[in-house]
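You will see two complexes here that share chain A, one where it goes with chain B and one where it goes with chain C.
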Partner chain A sequence: MFSFTKKQEVLDISGIKIGGQPGEQPTVLFGGAFFKGIPDFKKTEKDIQNMLDLSKKTGNSSIPDFFIKKEEDVEKIIDFIGNTLPKNQPFSVDIIEPTVKIKVLEQLDKKNLLNRTIYNSIHIGITEKERKALKQHTPDMAIIVAFNPKDKSPDGKIEVLENGAHLTDKGLLAIADELGIKKVLVDTAALAPGDNSGAAISAIPVIKEEYGLPTGCAIHNVVEKSTWLNKYFESAKKTVDVSSNVNIVLFGGDFAIFGPIENADLVFPIIAWQDILVSEYTENYFGVKPAESHPRRKFF
Partner chain B sequence: MENEYYPWGGDFTVCKNNGCVAVVLLQINYTPSPDVAIYGPLKTENIGVEKIVANIISNPYIRYLVVCGDDIRGHRSGSSLLALHKYGIDKKNRIINAPGAIPYIENLKKEAIDRFCAQLKIIDMIGIKDKKMIDNAINECIAKTPGCFGEPYIAIRIKPETTKIDDKRALHSRIIINYMDKVKKRE
Partner chain C sequence: MEKIKTSVVGSYPMDIDTLGIMMDYFDQNENKSWNNYIKTAVDDMVKAGIDILSDGQTRDPFIQLFARKLVGCRIRDRVEVVDKIRYNGPITVYDQKYVRTVIPKNKMLKGVITGPFTLSKSCINMHYNDEKSMAFDFAYALKQEAKKLEKHVDIISIDEPFFSNEMPDYGKELIEIITEKISCPTMLHACGDVSSIIPDLLEMPVDILSHEFKASPYLLDDFRKYSFSKGLCLGSVRSDNQVVESVEEIVKHIRKAIDIFGDKIVQISPDCGQRLLPRENAYEKLRNLVKAGEIINGR
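And then the complex of A and B:
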């Protein structure tokens, strides 16, 4: 456990704070919906409510992360977001297909939801059309994925943030700035085992000391790709998946994209526990005061 | 080969070392015949494609690559693999005409890609999940007994290079932890 010399940004989106020194703000938890099959709105509504209840209990803020695969789902999902989420609740939209990204941005603008939107994500595959759409329909916050296919180490991740590693015309941070996105979170791009998966965790303190930006990742993706778990330890897989998120907190990270929202019941108490552990030390040693909503204040 | 850690680790099954067929599975639950050389799923249009290329050209007996199942939305990794074979990469290392989101080949030299194109014929079965059809395509390839392409091509040295740092309390070459446990940038 440690503290950073560099001043750490605390960003606010619709009342939710992300970032700061370890032990300052509660870790923000992104729970994903609509990963598989046809969107199940009834079930997801319940899952979101459960996640929001867990936030009230623990102090760890929730961000529902909506995975949008197909163009034909865009309107339905955006309507669902507008009609179902509490009025000020921020959310993120996770989209891979470039054409779907543009349609989502247009719809979010149309429904006046951009001030609560975390765009997931800007990466080296950003297209000209996407840039244009982001400039026109600018979300309040974006996640920048520091994926560098050539160099998967923390240095390679910094390279894409800094100069685009020759894959983009400039660094991803400069691109976000140019598009008018003032609040950015850095995702350290967790890769499969065998592809320097540990670098996603070790990059967290490196990036935070370099830029002072809120940093985290979807470390559970590494567990999902650990096929040996399926083969030999199927019953333990969920435990490993959920507990993998602890690494983010221990290495000074600010948010965890923890995968299926259904895992919230297990993820929230584990992260709250870990937040308390870090806060006890960082307050005692560095004088970092936990925020009012910190789990340590809720439970002690 | 063993010293180079080939095949490059991943989610695949090695069957017959001198088999002439490799099978790429796209969102399909299918086990090919044990007579194929190697098979496994492909997820990403960058590192996943690189692994397939590197592993295949390390085994010159592989002459056919059957790509079957449904391509993955957004990533379009199967179609990106096909595009690599057909068009290669541009100056920015982007696979030409690849439909995937981040189709960059950053860890293979042009010679490795040329070798991949020369050694392999691709059997494009994207969109096909019928197991009998795939079995037939594989058997047709095996029946052609194309023979070995030549010497193995080692595209990547898998063994990682380590960074040597002398500080005892180092986290990374860019940062250190000082005596008060504060992280700071290395001078």
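And then the complex of A and C:
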């Protein structure tokens, strides 16, 4: 286990803390809702409640991560967020299509939800219209996806944060700053197996040591795309998917975007267990005190 | 008089579809090949009628293009040299091989290598005790690229814009490391004001010299003072100005140069890489260059 020499930021969004030295804060867990693009509100309400209950039990904070794919679903989903989530519960909006992103930002502003919003995500594909919308309707926090098509190594991920790898006018961190987004999380951009997928994990300590920013990724995406796992070990797939998130904690990461919210029952105890192990070591060796909400204080 | 060939210096402007790249990433699709961008650049050159094409250097600016693949370099805001520089396998060879498959057989191909001095001046040195040792290691690494490249291109051009700011006393040695025993013709491209280093340039172990005579027309008179025995690639349209020169203007410029250099002019090209121009303007400049070349060549 290790500790970073660079001062580590601990960011707060509506009472949830993300970041710090390994063993300091519980790993924050993002569970994906409407993963397949079809909003099933009734089921999702139950899943979210279950995830929030798991947070109470383990101490690992939950962030419901809402996939929004179609413009016609925007209002319904934002209404659902406003009406269903507990009053101070932060959430993230996970959107690819720029026009949908803009509409979501407008709606979030209209419903006074931007102070609880984690915008997922800013990346090299950011458009001018999106930038304008983000300036006008600025979320409290954003995830920056450090994907660099020119270089998928940890260095390549730093390059895209620094200068956009000459694919954007400036680095992604500078873009976020220019847009007025003061709290950023770095997603190390997990890739398909065989395409430098391990770099998403190895980049976590590199980026934390370089910037001190909260860092994590959606490493489960790698498992999801594994053809050999699908072909030969289908029954083990979920186990591998869920346990892949352990890598994030072991490498000093601060959050895991763990995939379908339905996996929460399996992910939370595994991550809580890992947080406890890391905390024991880092407290003994580096004197890092676990936060009040840390799983180690819940169970021991 | 041999036909004067039209050529490019290296880079060509290209809009990269970054949103499309991210869509592929989120869908976990394999990234669309960069070949689309290379082909688009090359197609423009072919359509304009250029004789000697490059791969367009669309992947990266010319420093990062090489630093990205060399051991010892890492890219931060600028390129940092953090270890001994070593060759780690082909840098531009695959792109050149690809270009060969998409161009007509009568077209020639120019391999472009960013020069060792320019690389050493553009990087932050965090490893070597002196800049000279770093430049030499760049040269040894680039030599290996040149050896691989010679089998696939018709000419290799070494791009050394920093020579116009400062010609080191070891400049010739650096170029010699790369060009020695290279089987195809070689060229040295140095843009900027090279008037003070002409004697050094004339001593360079290359077949052709390439300079920006259009933006710096006074160079014609400066070169007139020396005996010129190499081939010349005459910069004939500006790369630092979006205004597209007329065919007549380019013809006049070439004729003036012919009065000085005679049949030593073997190529006409833009002054430098066209990366920073709008694509439309870059294309129009090439188109007019070709038309001017046709007039000069008597067609």
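What we mean here is this: the second predicted complex is superposed on the first by the 299 of 300 C-alpha atoms of A that agree within 3 Å, B and C clash if a C-alpha of one lies under 4 Å from a C-alpha of the other, contacts with A are read in each partner's own complex, and residues count from 1 in each chain.
Here, contacts are C-beta pairs under 8 Å (C-beta built on N, C-alpha and C of every residue); 3 or more make two chains touch, one makes a residue touch a chain.
Predicted, not measured: the structure shown is a model, and the values here were computed from it.
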Overlay on chain A: chain C relative to chain B, clash or fit: clash
Touched partner set for A:Gly171, first chain B, second chain C, both or neither: second
First, second, both or neither for A:Asp73, with chain B first and chain C second: neither
Touched chain A residues, chain B compared with chain C: B
Touched partner set for A:Ala192, first chain B, second chain C, both or neither: both
Partner chain(s) touched by A:Ile96 [first = chain B, second = chain C, both, neither]: both
Chain B versus chain C as contact partner of A:Tyr285, first or second or both or neither: first
Which of chain B and chain C A:Pro205 touches, first, second, both or neither: first
Which superposed partner A:Asn221 touches (first chain B, second chain C, both, neither): second
Chain B versus chain C as contact partner of A:Ile124, first or second or both or neither: both
First (chain B), second (chain C), both or neither touched by A:Phe4: first
Colliding region between chain B and chain C, picked from 24-32, 78-86, 114-122 or 168-176 after the shared-chain fit: 24-32
Doubly contacted residues of chain A, that is, touched by chain B and again by chain C: 96, 98, 123-125, 147, 149-150, 155, 158, 166-167, 191-192, 195, 225
Chain B partner contacts - residues on chain A that touch it in the complex: 1-6, 69-70, 95-98, 100, 123-125, 147-150, 154-155, 158, 166-167, 191-196, 202, 205-206, 208-210, 225, 227, 252, 285-286
Residues on chain A engaged by chain C in the complex (per definition of touch): 96, 98, 123-125, 127, 145, 147, 149-151, 155-156, 158-159, 162-163, 165-168, 171, 189, 191-192, 195, 221, 224-225
Of chain B, residues touching chain A in the complex: 8-11, 46-47, 50, 73-75, 92-94, 100-107, 160, 171-175, 177, 180-185
Interfacial residue positions of chain C with respect to chain A in the complex: 16, 18-23, 25-26, 28, 30-31, 59-61, 64, 68, 74-77
